[in-house]
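Following are the structures in question.
Look at the two complexes coming up: chain A is in both, with chain B in one and chain C in the other.
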Partner chain A sequence: MSRPVLGILLLALAGPAAAQNAAAWRDSAYRLSTERQRVWDSLMQDFSEAEEIARRAGLVVSATTEYRAIAEDVLGRFDSARRRWFGPALPAAAGFRITLRSGESWSFGRRTSGPQSLSIAGIPDTDETFRLAPFVPDETLGSAEKAAQRLLGEYGALMMASAPAAIRGWLRAGSLTEFSVDSRREGAMYSLVTGVGKAQRDCVRGDSQSCAHALGIRRSGDPDAGGEYYPLVRADLLLAALEQGGEWAWTRLMAVESGTVEQALAAAAGMPADSLLLRWRDGLLALQPDRGPLDLSAAGLILGWSALILAAGLGIARWV
Partner chain B sequence: MLKAMIRLQWKGCWHLVVALAVAALALPIVSVRTGWRSSGEQLPRFLIELQLWGLFYPALAALVAVTLAAAIWASDRRGHHIYALLLPIPRWRYVLLRYLAGLVLLLPLVLALWLGAVIATSSLDMPPGLRQFPHALAVKFGLALLLLFGLAFAVAAASRRALGIGMKLVGLFIAVHIAVILLSPRTNLIWTVMTALSTWPGPLAPLGGRWMLIDV
Partner chain C sequence: MGVIVRWFAAAALVLGALYVTLFRAPPPVPESTAAPEFSRIADLMSRQRRAMILWSALAARDSALARLAVSAVPPGEFRIVATGFGEGAASKEAEAQVRQRWRAVGEVDSSVRTLVLLYNGAEFDTLRSQVFPYSGALLPASHSDGTCVAMTSGILKAGREIDVVKSQLELALAPCLLRAAFGVPGRPVREWLERTDHGAARSNEWLDRPRDFLDGDGQLPWEPMYDETWGSLYATGGSSLIRRLSTVELTMMLAPPYVMGGPALRCLAGTPSECARTVLDPVPRVHDLPSDLTFRASGRGTSPNAILAIHPTGYWFLSDIIRQEGRDRFARFWQSDRPFETAFREAFGRDLGEWTRDWGIRQRLGSWESRYSRKPVVLGVNLAPSWPLLALGWTAAALLLAAWTARRRQVT
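The block that comes next holds the complex of A and B.
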């Protein structure tokens, strides 16, 4: 039979087809999604070897074999650090859970240990809890300080997610506590003193209005004011306000839901915004090194070694 | 006698001193002007570039020290120290005179660097938070010169026999290091010695740190 005839016959014999039932597809997709979520929750919530190590003021730390030795230390460091800025506040009423995970260890083609984890949870750790479970390098979990810093960074991201919209928009950064205190403060100090704009220079000279402009808190209206500081500097100001405000600073900040950034910072710090800015500026300028390329001890050391080398040179110099 | 020694050494080394003085004068000017032209609006980047340029200061000090120490003793080596042996003064006094005359030759270099640093930092529109250290940098350079010149001078003043003994000791140390590293791979003697020399209170420790003409 020729192709055209076959085609005509098929068209003629075609009839209406039954409509496809989308519900079956939808149910299947839903079941797969639920199953995936169940496996994910299982992964987030529990490593088979993880045991609870310690509890402290509404926090629980658990760890697998390799990290049990540092777990309690990590909990202590984490709790002290987060209370400094956030007090007893949690990201949500349902608590939180952060699990740092490291992969398997291999040596010369042999698997020496399975995946390891260290978790900190804020009670109650329910099914609706915020959960984070980043993979980290082994060296992060090798030291209590680094592990606590990483946990604090993730915790800061969780807290920021629940902060007022004005603060989130102003900060433009994922986490407040991503960096250690020293490196953050040093970075902020560098940004403060190396600002080239007019407002930035006037801020260093002590003009709080210029500081407010350079930090994006309050516009000065001066067209020549220049640019603003980086988000790291804003994060440093916010943390300074929280630290200044004491244990309930974060709670007061959260209470300013629809206010401006200036109002939120003033509420957190418990003082007018201008006073906060000047105090913050003074704190950063105090971090400037108090000496230049040379110090007296180095000069003394050089003179001492020079005298020693000269004496040795006079002693070993021979003609033949 | 010191004046005579200075005149003698100046006659032999003046061309080196002038060339090195030009380098010392130019270094701070080039480092600041180059960085300022390319990164003047981004001061953190400017400071990082300045910090990299800062590596040239101890390098220049080492170059000056080795060059002048070798040049100071060149005439004595050529004449097999016969002239020095004929002089009616003790050996140690002769070496000391050479050393002091050498120090006098270093002064123009330190002054050149100081002048270059002052010129480099003048007429720069710096933000109020940044500070300039032309004088401190020049003093640090001078002290680094003093230390490195002393080291190079001691080596240059040594006899062939003393240098031969020194090379043998270095060779023996390397052989011991290799033997130790074969027996215990985690033990690195060379690294240990380098760390001891370059950390406090080792002689090379003050040469580190920040050689920043402009800093926070």
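The block that comes next holds the complex of A and C.
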């Protein structure tokens, strides 16, 4: 067959390229989406192997094989910490469920073990409830303390989602309880004592009005008042208010639906906002370290080793 | 001498004990038995994204061509149309953005017709593909009069207001604004733009940024590849000692920036012909889009031979030429019918390779990457002849000193 004839034949047989057809790609996109969802659903069924391990105060903990040993401890830690700030309140009347999933690391393609899970549910845990199922590194579920902290972080996010709009807008953070108590308190203390704005310095000196400005609760009329603290510091204040207010603090906070942030904080703490601010400030200042980073034993060790090396180098002792 | 050996042995023992105590390795992690479904999901997601981008691009193109068939855009002006939103929908934000850019262009080429098409992205959003639907320009071959259609998606909000993503609209506008300012490009530039998928012509910063502004948001001047070697080293590789000594970080800081590919490295090391190659060479099209659409999600970044391949220049390359050389000279280059490199030399008085090398060095020095790595790129053996001599000299001096000390201590 001659080349021109072959060319004409090929041209005649060639239809429109599939890539040029929008409808074909739309169908493909939907088909792939459906298939992806199907595989995802089948994967999620793996977590149905989780068994209920324990119940406590309206909470249920379930876990797959690998995490059954720490499940009860996790529940205890989670419940204690939750009650400290939120009392018996739930994110919604329908309950909640937070499932931590591990066994698959998405970073750098590294995989460790098969899917495992540990979940905490708040009864009644109906189908309409809040459900979170984040993937976490295996290390997170390596100890009851870490697992409880992560669950608490997610729980704080759920609680904040149900908080009054004024509080949510003011806090500017997704979760109240993202960090451990020590990390948060230390971070807040550091921010408080190192803030360079005028209001921030005055707050350290004990001026509650300046604290209110630096925390975004009240606006100062002073144009030179300076900036505000990070959201972490605000979260620390809110948690301090909830701790001060006791078991029903969160309920009182929720009741201030259309009030200001100051009113909500005062209601939660059960005291005027200025008193709360000064107590909170005193608490943070008390956390300041009272000694330097180098203690006597470390200095002695350094000097000892230096002296030994120097002695050896100079050949002072006969045995070296 | 024996005493010194014993002393060193004792010190090594103590240091070894300290290492074992302080830096002992964590217990080994059990081998993988992960569900293969995860890989399947990742693969399906990737294919779904591609399908969604192609679908949105082709659907937008069909809408634009249909629109152009029934109503022509007057030359030297722009029109904004919204499609798929129903009656009365408009985007004040997009209009303000286009107007501001149009004003910045200044005197508009009277032969160019510009249409800005906002299409409804709601249906594409329902698939949760986690990427934006298509944003780019249509340069229809059937409209050889310089028609350019900037297309981007929007979502209908309250009050019939269409919400568009500013950066996506900028991306779509870029080819059209170049044509509005400088007219239809000459054949060599036009072919280069098509060949490289308009990859270097996606920044509009030339419109209002000063000459000394460093564009690119601190990115490397040549598109970097994704290299999982370092990530894997961080996650799994090496002993605890290697990690604690920051060996990975040190290596990264000392190694040449391989992520930009071999030709870019040779360019930075002083070979102008390699620089010109990085500008002129075609970039494989990531998606099978019609050639009249501009789009490039990424170039060589993930291909297996990325370390050897030519990586395309940053998306702001053309914009930088305009800012550095001025609009008048750029217009001469843009409209020239001479071969690309000749036109470049005639317009700017410099070779393309040299210009690109200077640009690359300046951009790299301003990048985030260069803050943590060696500043000048030096390839091959880079130890100056004086260094081995110096090292040998000091070693000999130390040995002589030790021998002399030992000799003095000998008891006869």
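In the analysis below, the second predicted complex is superposed on the first by the 238 of 320 C-alpha atoms of A that agree within 3 Å, B and C clash if a C-alpha of one lies under 4 Å from a C-alpha of the other, contacts with A are read in each partner's own complex, and residues count from 1 in each chain.
What we mean here is this: a contact is a pair of C-beta atoms (placed from the backbone, for glycine too) under 8 Å apart; a residue touches a chain by one contact, two chains touch by 3 or more.
All of these numbers come straight from a predicted model, not from anything done at the bench.
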With the two structures laid over each other on chain A, which partner does A:Glu35 touch: chain B (first), chain C (second), both, or neither? second
Now for A:Leu314: first (chain B), second (chain C), both, or neither, which partner does it touch? first
Exercise. Between chain B (first) and chain C (second), which, if any, makes contact with A:Ala69: first, second, both or neither?
Worked result: neither
Query raised in the report: Touching A:Gln288 in the superposition: chain B (first), chain C (second), both, neither?
Result: first
First (chain B), second (chain C), both or neither touched by A:Ala161
neither
*Please indicate which partner A:Ala57 is in contact with in the superposed arrangement: first for chain B, second for chain C, both, or neither.*
neither
Problem set entry | First (chain B), second (chain C), both or neither touched by A:Gly103 | second
**Request:** Give one of first, second, both or neither to describe whether A:Trp25 is in contact with chain B, with chain C, with both, or with none.
**Result:** second
The intersection of the chain A residues contacting chain B with those contacting chain C is 312, 320
Touching chain A in the complex, chain C uses residues 3, 7, 29-30, 32-35, 37-38, 40-41, 44-45, 47-48, 51-52, 54-55, 58-59, 61-62, 127-129, 228, 231-232, 234-236, 288-290, 409
Touching chain A in the complex, chain B uses residues 40-44, 46-47, 81, 84-85, 91-92, 95-96, 99, 127-131, 133, 136-137, 139-140, 143-144, 146-147, 150-151, 153-154, 157-159, 161-162, 200-201, 203, 205-206, 209-212, 215-216
In the complex, the residues of chain A that touch chain B are 189-196, 200-201, 204-205, 285, 288-289, 292-294, 298-299, 301-303, 305-306, 309-310, 312-314, 316-320
The chain A residues in contact with chain C across the complex are 17, 19-22, 25-26, 28-30, 32-33, 35-36, 39-40, 42-43, 46, 103-115, 138, 312, 315, 320
